[in-house]
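Structure in structure tokens, see below.
A, B and C are the chain letters, set down in written order, and residue numbers restart from 1 in every chain.
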Amino acid sequence: MQAFELTQLAHELLVDYADFIDSEKFDDWLGLFSEDARYDVIPRENVEQGLRVSLILCSNKAQLRDRINALREANEYNLHYDRHLVSSVKAKMTEHGVVEISANYAVFQTNLEGQSKLFSVGRYQDLARLEKGRLVLFDKKVIVDTFSVPTLLATPL
Amino acid sequence: MQAFELTQLAHELLVDYADFIDSEKFDDWLGLFSEDARYDVIPRENVEQGLRVSLILCSNKAQLRDRINALREANEYNLHYDRHLVSSVKAKMTEHGVVEISANYAVFQTNLEGQSKLFSVGRYQDLARLEKGRLVLFDKKVIVDTFSVPTLLATPL
Amino acid sequence: MQAFELTQLAHELLVDYADFIDSEKFDDWLGLFSEDARYDVIPRENVEQGLRVSLILCSNKAQLRDRINALREANEYNLHYDRHLVSSVKAKMTEHGVVEISANYAVFQTNLEGQSKLFSVGRYQDLARLEKGRLVLFDKKVIVDTFSVPTLLATPL
């Protein structure tokens, strides 16, 4: 597989990733992860200081599924729309068939009055495997620049 | 045509689309549409409730041209710069040669004092046809998350 | 070289460009420029009025290196994180092997309290040469929409 094809697959993965969150298709979103997938939201400050303290950590897909169910209930009281912008997508095939993917994101939230604001910016540092022609996430790291977010728990990033 | 080539053409279309608005080349912008093109700006809320009430609806290119002329006059009193960020570009060839394109956008506006702010976020859901090696828009849907925009009429999105 | 390959190389250049600033790898960032490279930050207003008055102008890489050293000292007192979103990347091979690259950017800054805000939006208009399979910048123009930025000097854009 050529480099641009791998980048294209990573681009497609992140298009779906953002779209499934923004359109609240959380079952489809879960479908992007392997059963053993980690999902980890870490403040950038901690990463740079070598601290491995997460804001959110799911060690497998069952935990991630529980979390999504909790979010669905919470979101009945926190009505808003999400919109992801994702850029700087980079993908690299490493040893053992592991694909490293990185990208920058900004998430904007819009309230019921139709007012939008910046919600979170940060970076994805993901590991995926190629399965049947598509990339499947088995380690998703969301490194958040924005960590002072009172409603952080209301949305996957 | 391979999938990545179609995505590349859609990317190029949206690069021009954003650039022509941002640099106020509205004749070039109109050139991206077919004569029978619809241009539709709809609040996301309405789309999700199945309501087809548009904020702006042009049913053909003549209407779109009229609208642009009106904007040009209005913008003499509402001086600002626009800047589009567009990501998550996806393109799919469907039946009858129709190409479905989707993407997320954020538009930032800058006033005469050089201060920038978020103006609108949302999603493009477009239909285009392949003509002489490029994509021509015949149905442009701008689904706006941000609908509480007093100056909404001042800029195509 | 085909058009999509050139666009891919330009994309890779701008991914590195943004990443090296955001992660403060300024030596790597300097490595993206040729020795004779110009780096120019100009308000959009000036560009559109045909005025060539820059906010920042480095006429070669030595000047750019000096500037980076100054920034490193200044940033000890202006602690923040940068995050670039870059889209609408376009690349065109012109005569004499010069590659024209354009893109839109938004930079978000996050303070020590973890609060993020929009810092600058604008456009890159760059010239590069193809050297050993990668693009090397020899003329970087950052056309800033946002020019009322008190802390402008604290970060390369």
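In the analysis below, a contact is a pair of C-beta atoms (placed from the backbone, for glycine too) under 8 Å apart; a residue touches a chain by one contact, two chains touch by 3 or more.
Note that the structure is predicted; figures quoted are calculated from it, not measured.
Q: Over half of the interface residue numbers used by both subunit B and subunit C, so same, or under half, so different?
A: different
Q: For subunit A superposed on subunit C via Cα atoms, how large is the rotation, as a multiple of 5°?
A: About 120 degrees, rounded to the nearest 5.
Q: Can you give the whole-Å distance between the Cα centres of subunit B and subunit C?
A: That pair's centroid distance is 27 Å.
Q: Would you pick out the residues of subunit A that each touch at least 2 other chains?
A: 4, 85, 87, 106, 118
Q: Along subunit B, where are the residues that touch subunit C in the complex?
A: Touching subunit C from subunit B are residues 4-5, 8, 11-12, 14-15, 18-19, 22, 81, 83-87, 106, 108, 110, 113-118.
Q: In the complex formed with subunit A, which residues of subunit B make contact?
A: Its residues touching subunit A are 3-4, 7, 43-45, 85, 87-90, 102, 104-106, 118, 120-123, 145-149.
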